[in-house]
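Structures for review follow.
Consider the two complexes below, in which chain A is the common component and chain B and chain C are the respective partners.
Let's look at the complex of A and B:
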């Protein structure tokens, strides 16, 4: 490792991050409401995608249960919105998702690969259909109203959640915990043999990733004001983070952020005017990325950056 | 309905069992079949039974080409068969979005339907709608023909060999890429047939595909991933359970499917007929 370069790079990256954060934090002060609302959606996708990548990035288990955790957050907010103060409500939304994920995680221990993917998808669809059936048969009405919160508050809370999510990802990646997770992704059997408690590790990480999705759902509900199981547990919320993370590249910390930001921005631009073309473009991008950019945009950037530094640091790496 | 489930599931089972592509866009091929039939019937006045013969081969060719270009390239690039299965799943999500939205652009988001053979037929005193009976007959007929093809012909043998062990099959002189592409095409063909039959009985819209894909996945898991006979029997079992649950509460049928599916994955992930 070339330590000199790392040391030089750090204050620069930190400074840049700080600048971006300040910029994002002050945006509601001088920008009209509509772009702020759009930006909230973009950040929401970043939170879900980063949350997804916490578990699925290093372990390479593709989860399609994001919609379940997101939806649970939304429902917590809808049911308890009038009773609890906002910060408690959001933490609670996250916690309920956390517990649900612990439960699902313990159930799916034996499942790998394709079985895990379809199981997670099945469980979120089951919750959606069950709620729909419950509401039509026992509640009399489908859907609920949520106490509305003004858009600036929603924006700031979403921003805070996203910062916490990113910070968590960063800390996990840097720790022994993250290393163990990556070893599960490389070879689970070998990881077991060197004494990693694969089961507990996977379950806890799965639950952490669900926490952020639940929290994002809890705050998003207050902006949508009306929700029903079809909105809250829309399977698109399961697919989108996967596609966004892969588009951005899960190998790097900034990959999912980049992928989510770009695609969510594209969605904000196109979805109201040309929804079909947007989804068409989305599918095309996905296929192109899988075929030609297996490590996503971040992989491309890293490759390009490495090539740039190769001249200066020839043969010093490895 | 069981017959149609079996048809859908055999198609998906073929694509996954042999080619390791869990084709999530399977339902979109069904939708294409249904809408093509609707167009042929309402615009050109062509009977749905004739469009079976038109839609099937057209979608077969489409499936063949998609596998030859997209999945074959992906298979060559993936480091392991597991990685290929994951990647191809994601790629077929891409296909799903593309096909569904092209269909939305062509046919718009309206719900369509037509009436065909609405009269009822009496068998042993019970009344059945004629189009349902015809659909069931065709579904069973197609399944039987397909079963014969798989067990008795040379190509069928090659397909089964490729499902067992692609590499050994290749060593034995099976052109693996051609066989895999044919399997994918046959999967699309089955979807097209199912789509034509579904269009005779139910209303349709371009977003209907995913629902059928999910049913197909459940059936395939029920029968055992990779077992084609299992898919066939699983389809009939699911259709039967669906009918029983619908009798008590129609809203519960999808929930029953999912509960069954999840329990099955937990208790016996290899399915009823899995090894």
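Let's look at the complex of A and C:
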């Protein structure tokens, strides 16, 4: 029974994914610019959230350094935008964030719980204020202009980054390193005692997750055209992925995608339709989710699914 | 052959001497008990051997090579596995995944995923948990959590196993089963070093017993010798 169901389910899920991808890839051909630009923001949030969840999902280390990695990508784009061709620029933005994350990782991953959260938040703020100080004292001007790129290219690059981020997540989750990361999240002490080199594993995973945030920042900068430390290192980019991932649920691969897509769409909608109630509604939704859906939307969906497929055994377990 | 040696091992927590100049050695294939009143430094000694804590001074050698200063994961890969006083499982992972993770990462040489899966299954069978492989570790009753911890330690293919009170919290039936399991592990040729408060168990299983008191070794010998040793009796029952 089980095997039949798995074989049957796989092509269906794959086919659905493929269909969604084709749909997303062809959207700029028949949709006006504005929705495409909005969609780019939605996908940007998906990338940051999925990137965040690569590390913080299984290990349960809540990182608030997303804004640092995203902002570094933005600044790389602003500084090198005129020199490097676009694909190289994006990769480079990701790489600089990757290297920054390696350093931060080696410094902070000894910290746990609250200390780690505060430290990562402090790092983002430190970089933001340092840049602000640097620009006011040494550059004479705050902020920079970024070479603009047309909105369709921005959209496609963001889409490609999101696909790569999802693929990476999928591969890590399925590999033995996915299991190791989850054991770290469950009990780090025990994980080291069964032979897992937790420091290296955490640091590299943290850096991989930062790569995608940096890449997203690098391409996003070309759409915003003007950036300064306040825009690039906006703390909101540290908090949003956490909220979106929790809203969607980090237990499943699609959780962060769902959470980011829904909340980002909601943000786009509320900001234009109900600008005064935006934060109010947003906050209310979050409180409800955190109170009543501890494992997010994905947790709810999985519960329904299990109920559907295991109905007849419902009373046999415990 | 000596598999584990400790020389002048000391551990201070601030001004408190948790271990004070302890010398010990364990031969290959032996089962050695470590007893002593609460606060004697037994678990601290285990923490030093497994690398959880750095030693203040002294040297611990495994198969003649110094292991003090190594990280827990390195010591594990060398062939030393441990269990914890209160089971430290991956509570949100399934029983099978708990064993699988140890099987995948605990050995010196990397092992393929299918091999690790096979091994994890065999070990769950060995400790008697094969029917609950898909259950979350946190849903297991205490006795089974202890078994799973043993299975996970075994999955790293150890030559030396450190048991920190595997009998604690078990009822008499479960204790008998645990004794049986320990005998089975000994028959595999694995060297055992175990902390235990259940005297009946330790007298039966161990070839030799080391007694700690206030961080110092006060006696060492066969179970019979220890049972009749005056100092030990005084420490346990008071003068």
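Things worth noting here:
Please note the rule applied: the second predicted complex is superposed on the first by the 304 of 318 C-alpha atoms of A that agree within 3 Å, B and C clash if a C-alpha of one lies under 4 Å from a C-alpha of the other, contacts with A are read in each partner's own complex, and residues count from 1 in each chain.
We adopt the following convention: a residue touches a chain if its C-beta (ideal position, glycine included) is under 8 Å from a C-beta of that chain, and two chains touch if they have at least 3 such contacts.
Since the model is a prediction, treat every value here as computed from it, not as a measurement.
Ranking chain B and chain C by residues of chain A touched puts B first. Residue contacts after overlaying the shared chain place A:62 against chain B, while chain C stays out of touching range. In the superposition on chain A, A:179 makes contact with chain C only, while chain B stays out of contact range.
In the superposition on chain A, A:235 contacts chain B only, with no contact to chain C.
Once chain A of one complex is fitted onto chain A of the other, the partner contacts of A:283 are limited to chain B, with no touch recorded for chain C.
Of the two partner chains, chain C is the only one touched by A:193; chain B is not.
In the superposition on chain A, A:123 makes contact with chain B only, while chain C stays out of contact range.
Within the complex formed with chain A, the chain B residues making contact are 22, 70, 73-74, 77, 82, 85-87, 89-91, 93-98, 100-102, 104-105, 210, 214, 217-218, 221, 225, 251-252, 254-255, 258-259, 261-262, 265-266, 269. Taken together, the chain A residues at the contact with chain C in this complex read 176, 179-180, 182-183, 185-187, 189-198, 318. Touching chain A in their complex are the following residues of chain C: 50, 52, 71-73, 76-77, 81-82, 84, 88-93, 97, 100-102, 104-107, 113, 116, 139, 152-153, 155-156.
Residues 60, 62, 107, 110-111, 113-115, 117-119, 122-123, 125-126, 129-130, 132-133, 136-137, 235, 239, 242-243, 246, 276-277, 279-280, 282-287, 290-291, 294 of chain A are the ones that touch chain B when the two sit in their complex.
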